[in-house]
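We call the chains A, B and C, going by the order they appear; numbering starts again at 1 in every chain.
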Amino acid sequence: MDFESEREWLDTRFDELWPITRSITGPGFRESLEILQQDIPFEVESVPSGTEVFDWEIPPEWRIHEAKLTGPDGEIYADLDETNLAVVNYSEPVDQRLTLDELDSHLYTLPEHPEATPYVTSYYERNWGFCLPHNTYESLPEGEYHAYIDSELDDDGRLNYGHTVLEGESDREVLLSTYLCHPSLANNELSGPLVMASLYNRIAAWDNRKFTYRFVVIPETIGSLTYLSEYGDHLQENLVAGLVLTCLGGPEETLSYKKTRREDALIDNVVQHIDQYMEPSLRFRPFDTRGSDERQYCSPGFNLPVGQFARTVYAEYDGYHNSMDNKDFMQIEALVDSADVIEQVLETFEYAGYYLNQKPYGEPMMSKRDLYPTINNPEESTRDDIIQIMMRVINYSDGENSILDISERYGMSVDEMKVAIEQLSNTDLLEPAPQTPEYHSPTTNFN
Amino acid sequence: MDFESEREWLDTRFDELWPITRSITGPGFRESLEILQQDIPFEVESVPSGTEVFDWEIPPEWRIHEAKLTGPDGEIYADLDETNLAVVNYSEPVDQRLTLDELDSHLYTLPEHPEATPYVTSYYERNWGFCLPHNTYESLPEGEYHAYIDSELDDDGRLNYGHTVLEGESDREVLLSTYLCHPSLANNELSGPLVMASLYNRIAAWDNRKFTYRFVVIPETIGSLTYLSEYGDHLQENLVAGLVLTCLGGPEETLSYKKTRREDALIDNVVQHIDQYMEPSLRFRPFDTRGSDERQYCSPGFNLPVGQFARTVYAEYDGYHNSMDNKDFMQIEALVDSADVIEQVLETFEYAGYYLNQKPYGEPMMSKRDLYPTINNPEESTRDDIIQIMMRVINYSDGENSILDISERYGMSVDEMKVAIEQLSNTDLLEPAPQTPEYHSPTTNFN
Amino acid sequence: MDFESEREWLDTRFDELWPITRSITGPGFRESLEILQQDIPFEVESVPSGTEVFDWEIPPEWRIHEAKLTGPDGEIYADLDETNLAVVNYSEPVDQRLTLDELDSHLYTLPEHPEATPYVTSYYERNWGFCLPHNTYESLPEGEYHAYIDSELDDDGRLNYGHTVLEGESDREVLLSTYLCHPSLANNELSGPLVMASLYNRIAAWDNRKFTYRFVVIPETIGSLTYLSEYGDHLQENLVAGLVLTCLGGPEETLSYKKTRREDALIDNVVQHIDQYMEPSLRFRPFDTRGSDERQYCSPGFNLPVGQFARTVYAEYDGYHNSMDNKDFMQIEALVDSADVIEQVLETFEYAGYYLNQKPYGEPMMSKRDLYPTINNPEESTRDDIIQIMMRVINYSDGENSILDISERYGMSVDEMKVAIEQLSNTDLLEPAPQTPEYHSPTTNFN
């Protein structure tokens, strides 16, 4: 890239993406995707409104042109031109004159943060409304208001998403998924796609990739449902791990990991393994049904091994879903730090999995492969670390014990084992295990 | 019922049942069953003497008319008319004159409780004898005694038992089993059938029953063997839980639960779950091969999920199997308290089991079923408890996690989850899991 | 035997075996086997040089006649006639005159133990050399040396091993394996075969054997590989436990047990069980890939339940693989003590396994087999220990719970249970479980 630093690059992208009026469908989402395509070569797909996705239906495409709430005094009290949050997302068109009383049920505020404008949506039930600071609301004069929203809800519209893969040695996949539907929110929107952009570029630059990496950017919830309805079978067959990226900026020093529904998938155990060697430590959250798109990936019919990384977690900070969630609150530096940690997790995951000893009957003869001294002399100790690690890897690589299992068994880090794994992989002794149901175990009662 | 209170009712039944000369077969058992039929509509079955039941054979039917031990001084030292315990249960007829020395091996006493008459039986080997207080025994004069027992051992007799079911929504069954063969013993006999009578009436009055409840009253050991030989296959197929009721009166404040042979059947875990919220706490006993009819239900070929409730446990109190086990020792109030706890266990068990999410691919759309707000407004928090519980139930109801598992996972009580389960069950989202091998797992090596 | 004591017997054998020039092949190995055949009726087998055994190939047979290193001063600095360690094992023939510089890479010493001669081998790559004390090496004069080794490496040779079985009631087998290839080393060579001789004679003298005992003496590594290539399938089918015997003399008070690769095979659990009752306690070592022939038996394709007993463990003492490992260091008394402990382990193992209750539906009727009193009298308690144990054994002998499991469940030792097991085995109630996959579970990914 042509930026002086990753930090500068992400800062620039943030400013390009911030002002766009996004929703789960519509031109704002597509425009945002195009901006991201500068960094990640997404293929953009579209699915028509009205398509059934499992228990849901893709809603009409929403397009918003103008939204203004004008007071009896001619003052404009809410204005889409001022902030994308001013209009309830997915508002139907309205051009009405009403008293303050009649208007009241269409106004949304945050009494406990009277200066902030809330972010409100109504995707699946037709409604309209304006969002404004509670202080403004309190000072609204009596009289006739003009509520004007120029929007379309197009049944012939579509939902869009972007995805791409970085191919690796194996066609088993690691999924990175984030969403791109909240307008003008920083931590709980732009942090995810920006960290994904960083990770795409880092992983593309790796010397080699053992796994194939899949990058998915979608509108939250309906987007992951749509993605699963199209690629769920593929993911069930190929996915060895996944991470949802959300809320990765913010002031918390500690990155936090929400476990997969299984809570002991290999990715869960790798994150816990790495945490032993990490300063500051990670925070771990159990799987629960509140969260982001992992709710869909980890629904029981799929039960995919998908965890989630976040820093300043949704619903845990004052600015959650309101205008205080801005660039001041979310630090670009925190995004870089998040990407550092997640890259390290993925690098370790590359080695942590299941291999199969190709000479499992008796020990293989190491010396004929130049992996072992030919003379057995007590002076020239064979307890040399690397040989010891190779022998352990060979013995336990039976398709049931992962490299991570071996590392924990002997109190080593996976990092310390990488050289031995590479040396063995370069001979005829070690191959990745062809089938590894241990990476994930779909719930079978539904199949 | 026409009694002023459950307490009064059970007190009356106790007095009706107490004087009857019962054994494992014979008219006393049938008369006792008839008395119980006032409260539980038992169907009474009979199986002929001589029938093989697994490794056993049903013994002849025993009928006892008179039993008197008259001393050289004309004094009657043991008399069936005075106490049912005076004669060894299943004594063969005898009409002999013998010296005290010759008589001695036919006399049974309790030296450590010299005022008490022991309860002695000899069902499977022909014998006869008298039971008397050790003090009386010590004062017996020398001389010729007249041992007179007028009894019959009828090879053409039968063994009887009573059983009935209260049907529920599912034909999967919960078994309540107790015995009715000891004459004139209170805690270790009448407490069980009386608590069963109470439970029958309570469960019959429930608004609805998810499970079918089976009530079985039998002679101990040979009765449960007989029942298993006739209904063992049915129970293996349908039973989800069972409780043996024994020794439920007595002065102990704490009710105690003996675990099933599996020790982690759902019923075991439900009792342990409830115990966390119960004051006073329950006492837990491991499974062992000493006890009541759970010894048969939990024999390894059946391995049924049958636990046992007791209060003042057999073999742990001075009055065990002797005349001190009377109504003074066993309190009617304790029976009511036992029924309270056991009913609570069963009410929780109704909800604690396995369900299947009917929309397992992705989250179901809750708002179209009016289970979720249609507008997403941070002010109107969706973290509302009931929604949270519903989402958890939906996610984990995969046939592998029980409601109890979900409750323990999130630190809730099953009670707190009932409303959510009912709401979900009223939609198309949740159904009881059709096959639930998890309720019990018969040992397969014998099949 | 005709010795005054086991101690005297083993002492005599030690002295017979010590001077022989052994290697992994050749006449020394065969001569040593013949000496051992006085105590264990080994059948001696041979496999030709050049035979492929898994990833290995049996090397040529090595015969050594003379090895002398003569200095420029006529002094002999290394001499096979003085010590078997003087020549690098498997040296090819050489008859060269060289300077000290040219000679240097063929000389092996132990700088940290300058008085000791190291034990060096080069089985699989052709080489030659002499071993000598570092002190001697330091004082070698400059000048021309005569290196003379009169040896043969015969491609038409063979590898030999000895094996035999002591048959028992069952054809399931317990393996005892040791090696016999190091010349003139005590703890790390002769201790193993001598303890095996002791155990053979003890086990042969047992009243009865439930299992068949297999005794195997081989050259280390290539011998166990060869044995597995010939008997691996048989062992996978029949082996219920195995022990490698190595380093069983030495001054350590505590015997140590290296667990099988599975670490929870029945043999592992039996050793841990016994340890609770043993003074001094055993030391436990985890499975690892450094060790003796268990490395082959526990390679993942076989994954046999083979542990290892040692006292003063290889690589943990100064004399390891050098001339300090002699009879002064290794005490005969320690061998007897090792045999005592291992015999006790095997005696307990005989009872610790899996049985099948033959009357699993309901309790069996004990009284008709004279295993239970016929009269039920509280005075004559049925809680009699032996009955209690029998009932527990009967209930849990379902092929899934071992006697060891039952013993640990109820806090008894297996020893305390022997009488009950014998009594039950003498009736029709208890049989050894016919198939017991629990004894070991071969890794299936390779099959």
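Throughout what follows, a contact is a pair of C-beta atoms (placed from the backbone, for glycine too) under 8 Å apart; a residue touches a chain by one contact, two chains touch by 3 or more.
Here the structure is a predicted model, which means the values were calculated and not measured.
Matching the C-alpha atoms of chain A with those of chain C calls for a turn of 120 degrees, to the nearest 5. In summary, the pair chain B and chain C forms a contact in which the copies contribute largely different residue numbers, shared numbers making up under half of all those used. Mean C-alpha position of chain B lies 55 Å from that of chain C.
Touching two or more other chains at once is no residue of chain A.
Residues of chain C that touch chain A in their complex: 53-56, 88, 108-111, 118-125, 127, 221, 224-225, 228-229, 232, 261, 286, 288-290, 295-296, 298-303, 315, 320-322, 443, 445-446.
Chain C contributes residues 356-357, 359-365, 367-368, 374-379, 383, 388, 391-392, 394-400, 409-410, 433 to its touches with chain B in the complex.
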